[in-house]
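Next come two complexes, and both contain chain A; in the first it sits with chain B, in the second with chain C.
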Partner chain A sequence: MRRGLWLLAIITALLAPLAVHAQSADRHLLDRLDPATADEVWKIAETARQQGVPYQSLLLTAAEGASKHAPPDRTIAAVRERFRALSAAREALGAESTPGEISAGAGALMSGVSADTLARLRQMRPKASLLVPLVVLADLVTRHVPVETASSAMLHASRMGAKDEDLLRLRSRVESDIKKGVSPAAATMSRLQGLGMSPPPPPRAGAR
Partner chain B sequence: MDHDDDRELSRRMAQAYPRVGPPDAAAKARLMDRLRREPQPARDLAWRPARFALIWNPALAAAASLVIGTAVGWVLHGRLDPRAATPNLPPGIANVSTTRELRLVQFVLTAPKASHVTVVGDFNQWDPVATPMARAASGAWTAAIPVSPGRHVYAFIVDGDRWVSDPAAPLAPEDGFGIRNSVIVVGGQEST
Partner chain C sequence: MKKAAGLLLLALLFAAPVSAQWHATTGLAAWYDGDLPGRSTLRFAPTLALDGAHGVLIAGAMMSGSEMQSPYRGTRVASSYLLEPIRRLPIELKGSLAHRGGMGWDDRGLVRAEARLHFASPTAGAWMGLATEQAFGLTGQLSERPLIGFGTWSRRAGLTLSLDLEQRAGLLPQASSPAPRDSVRGNVGGTVGAGDQPTGPGARTQLMRVALTTTRVSLHWQSNRLELESVGGVTLSLVREPKRWAQATMAYAVAPSLAAFATFGSRDPELYLIEPAETPRATCGVRLSQWRSATLETPLVARAQATRWRVRRVGTDSWSFEVRAPGARMVELTGDFTLWEPIPLQHEGGDRWEATVMLEPGVHQVNLRVDGGAWMPPPGAPTRADGYGGTTGVVVAE
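Coming up: the complex of A and B.
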């Protein structure tokens, strides 16, 4: 019994330096903030971690604020907004989602995509990763494809069983078309057909 | 009296000694054969400790565990530290090979009047000095960086204080810092 306790203590001692090292590596991202702001951001990140929300992107947001010499209150506000987006993405995509999916979902939400679209994408691909669909969706919106069109196209492609490679090809071709002067919405619809998928039905009323 | 006894003993020994002859050949062969079959005795080295045993010493074991754990943490430093995923790369690294996870992405900014340009983004933890760009004869500044697949935001810093978005890439939504970032999607097969 006593030897077992000692073994447990030794295993803990073995793992402790690794855990401390990982935490210190994360905390390093806040080195360029003033101590009070860094502490506040760290508290938010700790809350996120406890809730199963990927907190590293919060630290990156704070690091971005430090590099841009943003005032502390603006940095903290940006971190809180990012935290809200991550929480909403996790709720829409499900608690079993990977950190990458949640981060990509937050990016899509901050681009204007609705939480309902995220939830429907998850319903259509319950087992497969949503990382690529979410990244492509956010990218299409960033390229001025209307949110309704981009959401509808991505839902339709997922319903038709499009693979990640297909979606990445779609994104690349839409980008190319837009650079040639084609309107973002038209480029998205024509390229979707080019992948062998008939155009999706018109977006539902109220869907974003 | 004693001298008489000694003389008698010497006489008897002198008589007996010549009678002791060499052993016969068969007896000698048997003896030598038996000796050869005897196991060799272990060498006893003077410096070897007389007794060697593993002793369960909890304090020593805990101390050793701490040392080993720290060493393992040090060895794994590159794998745990996110900075290690995007090392500081020298200018002109187009021939750097990519790993299975990372893709080499070439960033380009045309700024002929600039004296110093860096690229900064989530892939290098927004470190303004981590990734300097190399100037080409055409006035373009380039940097090739291994980046993980996914959507990334970035910008350029010209001459240390001027933030510039990439004119060849779409802009990310406003993120609260007043300076719009550019967006790049790094895919499994192709990237911008």
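Coming up: the complex of A and C.
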């Protein structure tokens, strides 16, 4: 028993510097921020880390703000918004989701998609990766496809067993149609049919 | 001298993106000009530019002074903005305001507004436009009819050829007596006409506003450091002989923000408003500017842009990003995997640019920038909101 405690202490002593080094490297991402903003962002990241949320994504959001010369308030607001989205995405997709899925889910939430849509997507693809469906969903909403239409289309495609390549092709064709002047909603529905999938029933009122 | 040093410092310091979509830079040019026999002029031209994906706004000034004439100053604000394409046809709105004045000079200026409809592909295009102008402080009748313009351009491997026909307002010197409203007294050498031609005592010149029709051909080539431009044309008006003019410019970038330049020749007469000399001249100087596309003469739609984007895995965690950008001089990318620091892509010949980066599995954000313009999502890539009011491209690494 005593030998075991000694072994644990030695391993802890050996690993502690590594943990400190990793934290120091993470903190380095905030070098381009002013000290007060960096401290505030670091506090948010610490909270995220304790909650099991991918906190490095928050540090990168802050680095993005520094790169875009965003004012400190804006940077902190963006980091907080990302933290909320990451937490909500983790809750909707499940704690077993990969950091990539949680990050993609957060992107979809920040684009206006509802947490309920994320949870339903997870139900339909419990074991398969949700990276591509979430990225495509966020992209459609960013291209002004109404949230209800985009969510409904993505849920329908997933229900019909669409593969990632099908979803990426759908996205690309919708983008092309929108550039030609087709309305985003019409482009999404017609391209969904083009994939051999009958259009989903109209979205429920108030659904997102 | 202090003022010049201050302007120089300002030009060097003020160069920053003002938002995700707009980038502000300043430039300062100073040159010694030998345009008039036996006398020379020192000129300063600070410039502020807002350069975005859909528009450019340039505010420039010129200050001139010599021992032979009163100092004068000129300012010009010009903007160009691309509206969302209608049926894939971009519409460009252009506006400009030019003013000239100074101690002993009458204030005069010109406001111009123009709309252009473009038919453009990545390597060639044509446009047609309608413009209207309002003048102040000028003599001469202003035509009520809209001014028209047509143009075409083509771009291949850094070489841009354009041909334009454009109606503009012009100011032409016209000898008259007695002294007209626009005449001014120089501080040395008696009366000097506003046309700024070398005049002897007693000679007087009046500026007259006329409609000018200019046919212009320009050839522009740029490599990483060297920039060559040749512009020539014929300007017609009802009140005088056709005027042929041509100017050649060479600039060499000693450093990213410092270029030495030399020009020879004369520009089209519309420049009278700010730069009145008509005779050919030789100019040399330095340019301090981080902005590389300091002209509105090339249509905005003709600016280099990324046209294709391809991502492929080339190793366990390494991915190749390939960008096609015809006519581009520099392509950079940034994203979470570069810690949002710009990294340049390698020019692989033709319009192909490439970079290989390490990507951990997951979703990554990426943006591209061509020729120092605005950061944009790569063409054809999925996008998402970035939390800062803009959008970024997305790459899925699985």
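Operating definition for what follows: the second predicted complex is superposed on the first by the 183 of 208 C-alpha atoms of A that agree within 3 Å, B and C clash if a C-alpha of one lies under 4 Å from a C-alpha of the other, contacts with A are read in each partner's own complex, and residues count from 1 in each chain.
Basically, contacts are C-beta pairs under 8 Å (C-beta built on N, C-alpha and C of every residue); 3 or more make two chains touch, one makes a residue touch a chain.
The shown structure was predicted, so the numbers you read here are calculated from the model rather than taken from an experiment.
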Is A:E165 in contact with chain B, with chain C, with both, or with neither (first, second, both, neither)? first
Does chain A have more residues touched by chain B or by chain C? B
Of the partners chain B and chain C, which touch A:S129 in the superposed model: first, second, both, neither? second
What is the contact status of A:P99 with respect to chain B (first) and chain C (second): first, second, both, or neither? second
Return first, second, both or neither, reflecting whether A:T61 touches chain B, chain C, both chains, or no partner chain. both
Looking at the overlay, does A:E81 come into contact with chain B only (first), chain C only (second), both, or neither? both
First (chain B), second (chain C), both or neither touched by A:T142: both
Which partner chains sit in contact with A:K180 here, chain B, chain C, both or neither? Use first/second/both/neither. second
Set intersection of chain A contacts, chain C complex versus chain B complex: 29, 57, 60-61, 63-68, 70, 74, 78, 81, 100, 104, 107, 110-111, 131-132, 135-136, 138-139, 142-143, 171-172, 175
Listed in rising order, the residues of chain C that touch chain A in the complex are 16-20, 87-88, 334, 336, 339-341, 361-363, 365, 375, 380, 382-388, 390-391, 394, 396, 398
Going by the contact rule at the top, pick out the chain B residues touching chain A in the complex. 56, 58, 61-62, 65-66, 68-70, 72-73, 76-77, 80-83, 120, 122, 125-128, 150-151, 163, 170-173, 175-179, 183, 185, 187-190, 192
Sites on chain A touched by chain B in the complex: 3, 6, 9-11, 13-18, 20-22, 25-26, 28-29, 56-57, 60-61, 63-68, 70, 74-75, 77-78, 81, 100, 104, 107, 110-112, 131-132, 135-136, 138-139, 142-144, 164-165, 168-169, 171-172, 175
Can you list the chain A residues touching chain C in their complex? 29, 57, 60-61, 63-70, 74, 78, 81-82, 98-100, 103-104, 107-108, 110-111, 129, 131-132, 134-136, 138-139, 142-143, 171-172, 175, 179-181
